[in-house]
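Labels A, B and C are assigned to the chains in the order they are written; within every chain, residues are numbered from 1.
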Amino acid sequence: MSELLDAFAIAGKAFFGFQAIFFALLAIGINVHFGYTGLLNFGQIAFAMLGGFGIAISVSMWGLPFWVGVIVGVAAAVVLALLLGLPTLRLRADYLSIVTIAAAEGLRLLFRSVSATPVTGGTRGLSAFNADFINLAPWDPAGRHQILGTSWSGGELWVALIGWLLVTVFSLLVWQLMRSPWGRVVKAIREDEDAVRALGKNVYAYKMQALVLGGVIGAFGGMVYAVATGSAIPDQYQNANTFLAYAALILGGAARVLGPVIGSMLLLFILQFADTGLRALIDNGVIPEALLSSTDVAQIRFVLVGLGLMLLLVFRPQGIFGDRREVMLDAR
Amino acid sequence: MPADPSAHGAHAARPEELSTAQVAAALPGTAPTGRPAPQRLAQAALKDLPWEVGVAKPDPAIVVDGVTRVFGGLTAVSVDHLEIQRGGITGLIGPNGAGKTTLFNLMTGFDQPNTGTWSFDGKDLGKLAPHQVARLGVVRTFQLTKALSRLTVLQNMLLGAQGQRGESFLRALVPGGWRAQEKENTEKAMDLLRRFKLDAKKDDFAGILSGGQRKLLEMARALMSDPKVVMLDEPMAGVNPALTQSLLGHVKDLREEGMTVIFVEHDMDVVRDISDWVVVMAAGKVIAEGPPESVSQNQAVVDAYLGAHHDAPLTVEEEDQVLAEVEAEIAREEQGPPRVPHANRSDEKDGLV
Amino acid sequence: MTHAPQRARGHGEGSTAGRGQVGTSTARRRSRWLRSRRPLVLTLLLAAFTMALAMLMPGIASAANEAVTGTLQTSRSGPIAGVPVTVETAAGDPVDTAETDENGRFAVPVPGPGEYEVTIDPEALPDGVELGDRGESLTVTVGPNRAQPVLFGLADGTSNAGGGSVEAVQLLVDGIRFGLLIAVCAVGLSLIYGTTGLTNFAHGELVTIGAVVAWYVNVQGGIPLIPATIIAMIVGAAVGALNELAIWRPLRRRGTGLVAALVVSIGLSMLLRYLVQIVYGGFSSPYADYQTQRTVDYGVFTMTNRSLASIVISVVVLVLVALMLQRTTIGKAMRAVADNRDLAASSGIDVNRVILVVWMMGGALATLGGVLLGLSDQVQWDMGFRLLLLMFAGVTLGGLGTAYGALVGSLIVGVFVQMSTLVIPSDVKYVGGLLLLIVILVLRPQGILGSRARIG
């Protein structure tokens, strides 16, 4: 019984840990893009990478204060959004998707390249840039804290606290925006751009605003990740994360304020479940080693996410809590 | 058959001075309060104009000059000169593929012409984006209705209102700044919805409305912006007969309110019923214009519709093009509106055959 | 990084225990032990894999015990045999000596993980081949159970000597080869887009699957590469057909929107990509044939025969595709469907059949492209996905949905990416392709051969 409680407690810790925050922020950004505005950003991880490296480079390489690093990260995300949006937002939706997916892959390759090593640390990345932030914790960052039977370091707790604060702030921001006339225009653009143009709205400007907003939220996700892990490594920012965030969003329900948050938590839970379950089955010999070895389990998760994404889109596009009726009207 | 002025009277003196004087006397502002229904104004003003392509109107709201649009070698639109009378209902007719929708797209900024200029109230519209055109008061509807499916009927309406403070990103964050305006707009929207008998559906998703109701909603939404010119692309297409009359009434009401209406329509009965002036297009050109009754007597129009061989001012090549285009259009029309997955290709409709 | 492992994990165990699905406490203990060494939900594992991949490039590790391995070769000389290789520990104690075999390879087992110094004898190198910038001795770190590859970076004058123009010609030729290869892969992508409107992000996986199937038939099955390729192309066509019949046709029938379909294709791409990684593995491996070819000197440039064959095969195939589109009934039908699907349907064309043929053709062509890519860059589990971005660049450049546009655009992208290494380091050359894509979209979004109205 105590083991069970223990396990739940640990699960709860991961549930609220920085990875859930990371995916939640990525997915909130994607929700602004895809869920509300209908923009197909398949390179959300690039914004996160710029956020993380914005801090890492500013602090480790340029010796700037932490907070300047945050501003650099946000600015970099804004610039990326403008760069990607300017040429593509006038065109049909799939152009943005192609350019963003290419940008995510291209930026990662650029950051890990030999020539970028003096700035980004290449494949090894950068570390030791989060001290300023961790030391802000109102408690001892190195001390251990027992919360409901789980052990958190003061630093972890601090990052999680600020992270969830960010998630709350951005959720509130999205909620407020989407009930305003601005949100109405953006949602209308998702339905039919031309109709909105014919009603005198500058569709291009709205799409750009949405792209920048979602990108900046994604950048904050990357910052949380970098600060929590204490390092920024280009290969951490694989574009598969973007698709995981998509899966989380659709799981929780697109175009819902809390959809991405709940979806991220659920997704992590499901992945963990599949992971542990598969490993246990392999260990117990239920799944023969020849068919699947425990080293394959990491890949199986991506396979499952891919499959899940397909099945969700086809059979439950409204997410697990959504209203089927609303999605049946999907005219896209 | 009464004379066909466009064929024979092309060099006759233009009586516009006379008409202008008449119109000036009869303009809404100066007109007596009584009700010789205002529609008579436009009709009266246009009564004495020659039935001639490119004829100058006494009080043009929109003037089109030398506009051409070529899609990969095919001239979709080539209009030398066209004026649209203010405060009147102008019907735009022509066989399928005549370039009517393309002309609409050009005039509202949804497409850019290869050459030409056009203006509204003397303001050049040539370089404007669609939303800028709309802000000047020229709004349009679409052939394939663009109801915003996952917005409610009321939200659809509110979207039409202009100058909304809450539509700016930063001000949207401060509800106090736009609540009052939102309330006003909601009242206005409800008035319009009542007029269009959609008020009971205000909280329904627009996607569940019937085709005719969507047409109504689209028109009502356009009216939210207090437009000066309303351009309706086949407002009656796919609407059940019961609703047609109601729609017709609404179009006439627009004229009563002093708006300029341009509409594309196929049903000649409808055109005859409500238009003050009719412009006929074929193969991208304006081939005739005049009052509704003049059109059916016009040989060029008859030829255009029937594709007959005739000493019309069409070269053989042009004619073949027209024929091919018409056939293609018919074929497409038989297929019905494009299926959902291909909806975003519908904009190619008029050009790429 | 280091404290990451303790954080992430746990709900799986909680839930499995809660649902009583995991039986023994040993399993639970083991999973907790695993938990502590499985740091991040997803990224780090993947990152580790990619890094491992990058290091594994030259030789395939046996991975049973620690060793240092490597291949001595240059493009002009081919593999260099008979060069003594000496391995010493960091402290300078000799470990072992070996000579490169006829494939230029060497492998020296070392006693355990740690730092080793690997030295080759420059005197034993053939004429014209010199040591590169890295010198004759390299220090490498061997991880546990790893065969650490060593890259000496020999120079034979091809890359530096001869001046910029010769190098430019060399890169141009290589770019043409690469561009043609992209075109072979991308024609299907473009035709699928044209006929169905689907932006198929899983097209790269058709390339990978083709290359991997050919690898199994060739390396494991021992069948020569040419028949293996033909077998793989048949499989590729079948996979394409399966794609259409099992997924896309039903989805079209359901009226699934294009955006939803696009996300489904992303899911499919992930599913297939990692499935390939599970089945094939994370390493990169060459085909059994045509590996040890010397380059032939054509005056201003040099080329191996397999590169020449790659160019010839690509050109022949693309000409055949063009002829098919122009001359045959099915080709005309494809163009008609791409141009206007409804019109084509109303003129009696069986649209579904045409689309099926397009998928089969696309699958077979992608397979061929995959084999050609595997021939030049070895077979890897994510080779298609990386190529996909360049395919998109090419297809967009040429104009989405037009078959000839895909051809021209891919050629330009291939040449551009290769030639860009004149000014930018080669490990960021794909970034150059991305920049090109963005510039194109700014200047001419409809592509070179596309028409304006299509971009809506």
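Worth a mention:
In this text, contacts are C-beta pairs under 8 Å (C-beta built on N, C-alpha and C of every residue); 3 or more make two chains touch, one makes a residue touch a chain.
Note that the coordinates shown come from a computational prediction; the quantities given were computed from them, not determined experimentally.
Averaging Cα atoms per chain gives one point for each, and the point farthest from that of chain C is the centre of B.
More C-beta pairs touch across the A-C interface than across any other pair of chains. Chain centroids computed from C-alpha atoms place A closest to the centre of all protein C-alpha atoms shown.
Between chain A and chain C, the centres computed from C-alpha atoms are 27 Å apart.
Once the centre of each chain is set as its mean CA position, chain A and chain B turn out to be 46 Å apart.
One finds 54 Å separating the Cα centroids of chain B and chain C. Contact with two or more other chains is made by residues 340, 344, 347 of chain B. Across the assembly, chain A contributes 92-93, 330-332 as residues in contact with two or more other chains. Each of the following residues of chain C touches two or more other chains: 256-258, 456.
Remark: chain A residues 92-93, 173, 176-177, 180-185, 187-188, 190-192, 194-204, 209, 213, 325-326, 328-332 touch chain B in the complex.
Listed in rising order, the residues of chain B touching chain A in the complex are 108, 110, 129-132, 134-135, 139-142, 146-151, 155-156, 158-160, 162, 164-169, 172-173, 175, 178, 182, 205, 207-208, 218, 221-222, 224-225, 340, 343-344, 347.
Residues of chain A touching chain C in their complex: 3-4, 7-15, 17-19, 38, 40, 42, 83-84, 86-88, 90-95, 97-99, 101-103, 105-107, 109-110, 113-116, 123, 127, 153, 156, 228-231, 233, 235-238, 240-241, 243-244, 246-247, 250, 268-269, 271-277, 279-280, 283-284, 292, 294, 296, 298-303, 305-310, 313-314, 317, 330-332.
Chain contact summary for the complex, chain C toward chain A: residues 1-4, 7-18, 21-28, 30-31, 34, 38, 40-47, 49-51, 54, 199, 201, 247, 251, 254, 256-260, 262-264, 266-275, 277-278, 386, 389, 392-393, 396, 400, 424-425, 427-428, 430-431, 433-435, 437-438, 441-442, 445, 455-456.
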